[in-house]
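Below is one structure. I have some questions about it.
Chain IDs A, B and C follow the sequence of writing; residue 1 opens each chain.
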Amino acid sequence: MSAREEILERLRRKASNVEMPGAWQSQRNFPDLAERFTASLTAVRGEVRRAENLEAALVEVGTILEEVSAKTVVANNESPLSDVALAERWPECAWHIVGQSSGDLREFCAGADVGLSGVEAALAETGSLVVHSGVGKSRLATLLPPVHIALVPVSCLAPDIFTWTASRNQEAPMPSNLNLISGPSKSADIEFTLTLGVHGPKRLVAVLYE
Amino acid sequence: MTATLSEFRQRAKTAIEDVRLQGALDGGTGKLWEMRRLTFEELPNSDALRDHFKAIRSATLRNLVEHLETFEKNATAAGANVHWARDGTDAREIVISIAQEHGVKLVTKSKSMATEEIHLNEALAEVGVEAIETDLGEYIVQLAEETPSHIIAPAIHKTRHEAAELLGRESGRSLSPDDLTTLTGEARKLLRKRFLTAGMGISGGNMIVAETGSVVLVTNEGNARMVTSVPPVHIAVVGIEKIIPTWDAAAIWLSLLARSASGQPLSIYTSVITGPSRAGDPDGTGEVHIVLLDNGRSELVGTKYEEVLQCIRCGACLNVCPVYREAGGHSYDSPYPGPIGAVVTPLLLGRENYEALPHASSLCGACKEVCPVRIDLPRMLLELRADQVAERTIPWKERKAEEAGAFVFKHEKLMRFMTNAARLAQRPFSRDGKLHLPQRLNPALERQLPALAKRSFREMWKSGELEEK
Amino acid sequence: MEEVELKMTQSKRVALCVTCLVDQVVPEIGVATVQLLRRAGYEVEFPEAQTCCGQPFFNSGFREQATDLAKRTVEIFEPFEAVVLPSGSCAAMIRVEYPHLLEEWPEWQHRAEELAAKTYELSEFLVNYADWIPRGDFEEIRLTYHDSCHMCRLLGLRDEPRQLLERVGGRISEMSESDRCCGFGGLFSVRMPEVSNAMTAEKLHQACDAGVEALVTSDPGCLTQMRGLTEGSSIKVEHIATVLEEVTR
């Protein structure tokens, strides 16, 4: 008998049907999602910048690029970034637009100062960003550079993880890679002292716009 | 790996005498515990959430076969290769053959208890494959050629001085223990190189989700993202009990796991891997393998120990365990230390090898109280002890003593006789209610055992002196 | 926590289950318990056939021996309307463990459940059932209270002993972890003495940090364990019964 059959057979003999409890209903009722999101992400040393609209958000992005003296930036080719002429707007930076620029993406990400992305959703309770892999969406762009800037429209805020899974489109396939990012990379493995940027980005900035 | 009573005692003694380790254990576990308390306070209705989750875990295990089949179907549809391993040998063979097929020489690993359980790194080394742990704590422990001593804080026993020395040796630079940012930066650099050159990534799986065939990995550092995104091949080794039917249920798991483990509302990175990269994905892994590891788990289903399979490996029970907090993780000599380890280690890795572990508890119940799944660990420790008695695997001297003791207590007259005889015998040693035995005769070592009172309560009662006036 | 429906006792008579440890090692706790119950207006009976509730054997895995002693204890105490124990862990043994232990014998299990429903730990009995409110001018006593594991986690009794102590002038200065195990755990304390003693030392350390002279507990097991390591220390370990008895004399 194969290992598979052996294991499954043993389990089959002992299986019984017990009713599975239903989904847990979110108990959260935040008066202001953006406020909770900001508080939560800030509490774990993430940063949040608020902006009136997309244009103002891009101005914020510019400020951050300047702050970190970014020379090389990798950007996902996704909403809302795909509609922005990034390289024209910030010609002083070298850009790699995922799926458009030529050159090795991985190598570029490994050397980039900043990764710029959009999000699929964001969770207010925990200050989390949801990012997917897919066409124009690199996994490494939000992982390898020391700074990750995400453009987050207020409209995509869900109260918590329960409301988010409940609203999941069951028909749409899962992307091959989905990440919930809830702060900058951190470790407390040496004497329980917090340090940032162990493997992932040291800085995570969410630019939250209306 | 073994833990006989004398081995456990010896290792615990060493740990207890290590003042620095004691400070680290107290400080570390205390901090995690306090942070856990705060996040649970902030979570509305957390008690009901825990009950709800327990019901889900319990119902899932009752029909594990169906959920595993659903998982296999969906993971395969997403392009992943699902393998089944009866035991460590099966699992090691599967991993090694994939590595050899791809000519892999270097593997980066993200913290995984299951691979510790089957000693995968050693097996890989034997066939010339180097496996590098990438969780900072595990990396330090690996550099020191030691094993982790806590489920979620593997290097809880190491100081920053030791970390600085180990990392310094590896990078060929002298590093200051007081500059943690530079230390971590050095580890980042060292490991970054490894990530970019590794031929394969190996991870565990915090859970697998049946409805989408996904593997879920949780880290704070981001190393699981690295391991599963940078190398061309990814293998996840996951225990079959780590399955959850739906995403709605997985959300509870994630929420309770992070809160219980480290007092975070969610871990920094929750990575969900559903098959290899798709057409059009700009990067990612070309191949995903999932090794479903049984190694004794299916045997436990349907027994009085089934509940232990509900564990989500959060480590909260370690942090509140007064035995773990004195004895430290290495006393257990198992990838699973603390209260959960005391139960699951004998069950999965052989009762004969770990006879001391069911006794490494005062049955205080703090673990059950803190466990997000409310696993009744004290009850299972009692069951393991009862099994030892039933299987006659305890020393015969102890058995005789217990049997004799019970016989005496069954006969009140005999009890009176025996205790009076003991009163005479203890005379030379008895002072202020304590037995002042010479150290080598004292089973309690430096603690004085209580002496029998000059007169028992029943004697006073019988004499009438306690009558109401 | 196991929910047991506790029956209120109508008559003013209770049986004392003194526990083997109190009987043989610290009888003054038994004497104090008798006095307290009388002061609360009860007539106390002491069934002399009683020995040990079986807990040590149960905890070591000797089920058969524990079962015999459990049945014996059920037989001895079932004729009474209420049973009081000056020990949280023995009370938990009868209340929580007996019904499980005797599961295989439905008849015995039923009897065990009946007994469980009228079994009380001393401070619980005095506060919740006897409604005992001692009167007098009490001097302030500065103390800290150790929650014994089974009493607080299996019986859920945390407030009752504190209420009583406060009623007689106790000013409680809490330890950082009042419910951290004292290291006893029955045979554990001699099977793994290094760990057990380290746990006890930690407990005493916390008590000293609380800045009090007296460490009070409701469990004779914890009491003897902690006393075993107090040589040369200024802290005194006392049982709640003897403390209450002395100040309400």
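FYI, a residue touches a chain if its C-beta (ideal position, glycine included) is under 8 Å from a C-beta of that chain, and two chains touch if they have at least 3 such contacts.
Small disclaimer: the values here were computed from a predicted structure and weren't measured.
Chain contacts in this assembly form an open path, with each chain touching only its neighbours along a single line.
Look at the CA centroids: the one farthest from the centroid of chain C belongs to A.
Distance from per-chain Cα centroids to the pooled protein Cα centroid is smallest for B.
Here the two chains linked by the largest count of contacting C-beta pairs are A-B. The mean-CA centres of chain A and chain B are about 30 angstrom from one another, to the nearest whole unit.
Here the spacing of chain A and chain C, counted between their Cα centres, is 54 Å. Those residues of chain C in touch with two or more other chains do not exist in this structure.
Residues of chain C that touch chain B in their complex: 18, 20, 22-28, 30-31, 34, 38, 43, 46, 48-52, 54, 56-63, 65-66, 68-69, 72, 149-150, 153-154, 179-181, 183-186, 188-200, 202, 224-225, 227-229, 231.
Across the complex, chain B meets chain C through its residues 5, 8-9, 12-13, 16, 322-323, 325-327, 358-366, 368-369, 382, 384-390, 394, 402-403, 405-406, 409-410, 412, 415, 419, 433-434, 443-453, 455-458, 460-462, 466, 468.
Every residue of chain A that touches chain B in the complex is listed here, in rising order: 2-4, 6-8, 10-12, 14-21, 23-24, 27-28, 40, 44, 98-99, 105-106, 109-110, 123, 125-126, 128, 133-140, 143, 161-162, 164-166, 168, 173-193, 195, 197-201. Contacts from chain B toward chain A in the complex involve residues 24, 27-28, 31, 44-45, 49, 52, 55-56, 58-60, 62-66, 68-69, 78-79, 84-86, 90, 134-137, 140, 153-155, 158-160, 163, 180-181, 183-185, 187-188, 191-192, 195-196, 212, 214, 220-223, 225-226, 228-230, 240, 245-252, 254-255, 262, 264-278, 280-284, 292, 294, 298-299, 301-302.
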